[in-house]
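Next up is a structure, given as structure tokens.
Each chain carries a letter (A, B, C and D) given by its place in the written order, and its residues are counted from 1.
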Amino acid sequence: MIKAGIIGATGYAGGELVRILANHRDVKVVWYGSHSYIDQRYSDVYRNMFRVVEDVCRDDNLAELAKEADVIFTATPQGFLAGLLTEDLLSKTKIVDLSADYRIKDVEVYEKWYGIQHKSPQFISEAVYGLCEVNRDKITAKTRLVANPGCYTTCSILTAYPLVREGLIDVDTLIIDAKSGTSGAGRGAKTANLFCEVNENIKAYGVASHRHTPEIEEQLGYAGNCQVTVNFTPHLVPMNRGILVTEYASLRKKADGSLPAYEEIRAVYDKYYGNEKFIRVLEKGVCPETKWVEGSNYVDIGFVIDQRTGRIILMGALDNLVKGAAGQAVQNMNLMFGLRESEGLEMPPCFP
Amino acid sequence: MIKAGIIGATGYAGGELVRILANHRDVKVVWYGSHSYIDQRYSDVYRNMFRVVEDVCRDDNLAELAKEADVIFTATPQGFLAGLLTEDLLSKTKIVDLSADYRIKDVEVYEKWYGIQHKSPQFISEAVYGLCEVNRDKITAKTRLVANPGCYTTCSILTAYPLVREGLIDVDTLIIDAKSGTSGAGRGAKTANLFCEVNENIKAYGVASHRHTPEIEEQLGYAGNCQVTVNFTPHLVPMNRGILVTEYASLRKKADGSLPAYEEIRAVYDKYYGNEKFIRVLEKGVCPETKWVEGSNYVDIGFVIDQRTGRIILMGALDNLVKGAAGQAVQNMNLMFGLRESEGLEMPPCFP
Amino acid sequence: MIKAGIIGATGYAGGELVRILANHRDVKVVWYGSHSYIDQRYSDVYRNMFRVVEDVCRDDNLAELAKEADVIFTATPQGFLAGLLTEDLLSKTKIVDLSADYRIKDVEVYEKWYGIQHKSPQFISEAVYGLCEVNRDKITAKTRLVANPGCYTTCSILTAYPLVREGLIDVDTLIIDAKSGTSGAGRGAKTANLFCEVNENIKAYGVASHRHTPEIEEQLGYAGNCQVTVNFTPHLVPMNRGILVTEYASLRKKADGSLPAYEEIRAVYDKYYGNEKFIRVLEKGVCPETKWVEGSNYVDIGFVIDQRTGRIILMGALDNLVKGAAGQAVQNMNLMFGLRESEGLEMPPCFP
Amino acid sequence: MIKAGIIGATGYAGGELVRILANHRDVKVVWYGSHSYIDQRYSDVYRNMFRVVEDVCRDDNLAELAKEADVIFTATPQGFLAGLLTEDLLSKTKIVDLSADYRIKDVEVYEKWYGIQHKSPQFISEAVYGLCEVNRDKITAKTRLVANPGCYTTCSILTAYPLVREGLIDVDTLIIDAKSGTSGAGRGAKTANLFCEVNENIKAYGVASHRHTPEIEEQLGYAGNCQVTVNFTPHLVPMNRGILVTEYASLRKKADGSLPAYEEIRAVYDKYYGNEKFIRVLEKGVCPETKWVEGSNYVDIGFVIDQRTGRIILMGALDNLVKGAAGQAVQNMNLMFGLRESEGLEMPPCFP
């Protein structure tokens, strides 16, 4: 039985980790860390877990936790883990970090976009970017530190990855218009996230400045072996869960000047994702909907080629708390411990 | 492996059966019956099941299905099963009926409230009313036909049952004000259930005439060994899932003229539900919320004693598609096949 | 032109006052008071008012405001106005108080339910309870202080008032089950009111202890000339606006032992409300829906007689921010200044 | 008093016309045409209008109506008006057509995108495209036929118009990602628009094939005096009202190779919209939100220049039933009858 600790267990992503791990046959959660609710019963904070989780919340003492846990999930604010991580900790326990601290390899880029100093850049190179379907080979029993990708990022990258990798689109034209449910904004008590402010409303935010942008650019840059600069525009949608990305890019023309056919694009997706359990490339003409993946670890992908404009429109959907956070974190943990990759993640999406 | 068939698999309750059975280790679904989508792939109707269910929808040929299936779930309109059920069918397969056809023992009451003639009243007495926590002893390997309780009914009865059984409330004063998510209205294309008509709106409907009323009255009558006549008022709430009932009744005074104390009422709940996995009696001062049971088979119950009025206010919450329909149907199936009662039903509630 | 000041202009009720008064031909708002946003432009707080309101927010200096305004609306927390009101203020300006400070005539009841000491009980007797349809005669040019009724209260009282007044129901059996949109909870940044906590959820709260209870009891007591003690249970519904009350009471039997007929009850409603512009008694068989009154000053009322239980089920719906707060406040102001009672309040409900 | 008739008065756009005209001081509605509800009271279909509108619904007999009405609004399916319009009709009454029948000047484009034959192309050239802020000069007392723009179209065009007109962006790079509330899908009873299917969900639809595309392209082509081909992708959002467009385009560099500054772009918007009552160009850094325009005739516009990509991101928001349909129709009517352009349209947005 793997002993797991969660720091930030009372945030929405932390809560989803608790839900998923409650049904994971190989894991026992030994530490529900919560800065705000120390000594309160976990099920008094999240009453869905009444009679499921009996423990009380503990503090966020990583050093202590490292002695007890085989793996620690940090669902914490940016800078938290970077401020505390040491070689000693990593010698005792594995860490899956759901924050952005070790996602970006260029520390200057991190510091610029996040506006904070990175306190432990020495671990950045060791950290594996835990986008399982792309980096599976690097996530092994030897891996000590996984940087779990962001929710927008996972969806944005996976949707475009095969086309960027194969050079089918002009990456300079890539535009990502993303829509997210409100759980992505976290459980902090802010006026802007009140029911009456979000309900019956949609807005863009962080236009040309959202922090997930450099993460997308870096990873797609690796895929395409080139510099990638994108427009990424997130929107807040009045729903609890779900991310939908709509991506636009000009298709590279073939030698004869024509656009690739649907089947050619499809074949590329199948090449990369044909055997992926958690990526479903939808059939021709079907557009992803966030509802069809809710509560599951799936990413659904569809695309349409527009002969009029020469562009391809890519669409991807996932549950921001599952594949966009806790589910992918567990998927990474499974890989790190040599378990079946889908263990604990086989719940079908819930509809309606 | 138990072979299960579902008639009405493309309604919301049928879809939930598919979701739950997909993760049930002892069951294989062999027949996805759908009147409206014959020969279409099931996952083209419910795309959440893409790559999970590969089968196409079949017709609703019960006779044919009975040869293939060990158990049939009928998630069908009132009168459907009653019009087709025969001794021959029951000799070949077990049936869990999610419609109202065999719930009400008095056929005249059924015909009056439902406005249709009952075509096979000879099976009514055999049918077990599948409220597991109340009738568990009667649901055994010998049971051929279970009448799965309604969603409003399950919530209304379980919330009041211990108090009625023990004679703690004056049943003549019992009033049930119920609130339901919109999936309870089914997937039929009706103007009244369009997003724009339901969203940002709440209304009562079926006031003093809803069909679940006699079912509640009959079952609480058995519990209290008396005639029960209640006011039951359902309301439509702009959410997908969930039922909340708020029940009002005058407490019977004790010999000394005082009202029972909180602890006395609590003890009665614990007597009946203390060992029930799927009924959670909440702690003092905690009111149930539908969100805390969403996606799970739980019923959450809370109560407040009002010294000013001498009444007790009972509150119960469940997911109408799980404990109010498909989950309880599977719970009944588990009992009928001697499986662990909670098999396939252990998913914790999903929040947010 | 009447000069109006608003204290608490950046709360939801205050914002609705601004919206309504913007279209009132006889009123000019001269003071947008806001404790939290002093010196910020009003339209930076409520961007719907961009280019409609150019003013900046000012403090809540009542003494200063009284010099400038002919009428002050206080949409403030309980105790605010009571702590500041003086004879001097009332000699200079009229006040419509949207808080509870002067609604309850018995100061002990106020102090018990609100848990605060009343700082100016000497004005309670002067304050007119501004339920216009009931107390219209008392709201005149001489009125200096109106206690504007609460949202739940307005809906609960108006729905039952004619029947209580005429002695048609047994008031001891009266139970009020109320459902409210989330704007009633205010704009304070609380976790419980975040989108993800309210959406897809319904719950009761303040069971047997909500502060609107004594206000309902007092006013219905005046109507029936008797002591009234009710159960009042509010519920939080995932919608922005709207209150629906469902009320249950036993009908008094007639001399011959029978229940009153529909027409007899209807006649009583028509007697009191037949000429009321803002109260719409719906036709037989029609249940009120909050959506049908949204954005307007209407109260919609319907009822059903249940022959089986001898009870009548009353239903009332209003927009909590309009007839439940700002609209009624303007209605009161119109009466106090001798204007047409419906001036500025004639916007039809907005659907969908 | 202008006598107005509405054909299609029981659709959502028709209902909004009724709401707006109810408060228009110069108009009396003399005909509530409804194919589906003939002879039923209008207020039985839309109960918000109970006691506001007393009329019954009539048929869609344009010839008869033309005798009674000074102006007819047709809120009808594509092809309806084109199939009935005659010189005789236009000699008797003015028509504001809310359908697409006369919006597109090239009849082949219309027939290709709408898949129907145009039955009266002879009136296309006469019809004025009723985008008031752009074509105000052409909408006069002599105008007999106005083609009222679509909801997506109004928002998409007005957001980009000044920049296209002034040649500030490369129109070949223009991409429009649009998000709409569900009332845009109409009141037809379709499974896809049921509450449970739309709620907690977002999806793209009509990708690269939506019928508003050629309308946008034609009008922006006039503005830029060039051929315009865009990607337009609509999305369905779980809210009743509102459209938000997010548009992406490469800015044309200035002679010195630099991008225009914020102030330069702003000045262009101000040049075209500075005096427009219903177009609010928001302040720097403010992104439009649909909630801030709900119920009003405003279009809110904001923009961000991205130095990294050389693109400008434009955002526009409006209420699809008001400025996107009924409000603009009334604005056109006001112009056609020489009334104040904003008459009946001065309601501020409703929040929350």
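FYI, a residue touches a chain if its C-beta (ideal position, glycine included) is under 8 Å from a C-beta of that chain, and two chains touch if they have at least 3 such contacts.
Remember, it's a predicted structure, so these values are computed and weren't measured experimentally.
J.: When you check each chain against chain A and chain B, which touch both of them?
T.: Intersection of chain A and chain B contact lists gives C, D.
J.: On a CA-centroid basis, which chain has its centre farthest from chain B's?
T.: For chain B, the chain whose C-alpha mean is farthest off is D.
J.: Tell me which of C-D and A-D has more C-beta pairs in contact.
T.: Between A-D and C-D, contacts are more numerous in A-D.
J.: What whole-Å value do you get for the distance between chain A and chain C if each is reduced to the mean of its CA atoms?
T.: Once rounded, the distance between the two centres reads 46 Å.
J.: Roughly how many whole angstrom separate the Cα centroids of chain C and chain D?
T.: Comparing mean C-alpha positions, chain D is 37 Å from chain C.
J.: Roughly how far is chain A from chain D, centre to centre by C-alpha average, rounded to an integer in Å?
T.: One centre to the other, that is 38 Å.
J.: Residues of chain D touching 2+ other chains?
T.: Chain D, residues with two or more chain partners: 12, 183, 196-197, 199-200, 238-241, 289, 291, 294, 352.
J.: Hey, which residues of chain C end up touching chain B in the complex?
T.: Going through chain C, the ones touching chain B are 173, 175, 177, 179, 181, 196-197, 199-205, 207-208, 229-231, 233, 235, 237-242, 244, 246, 248, 287-291, 294, 304-306, 308-309, 311, 313, 315, 317, 352.
J.: Taking the complex as given, what residues does chain D use to touch chain C?
T.: Within the complex, chain D contacts chain C at residues 12, 15, 19, 22-23, 46-52, 183, 200, 240-241, 280, 282, 286, 289, 291-296, 300, 346-352.
J.: Note which residues of chain D are touching chain B in the complex, please.
T.: Where chain D meets chain B, its residues are 12, 182-183, 187, 189-191, 193-200, 238-240.
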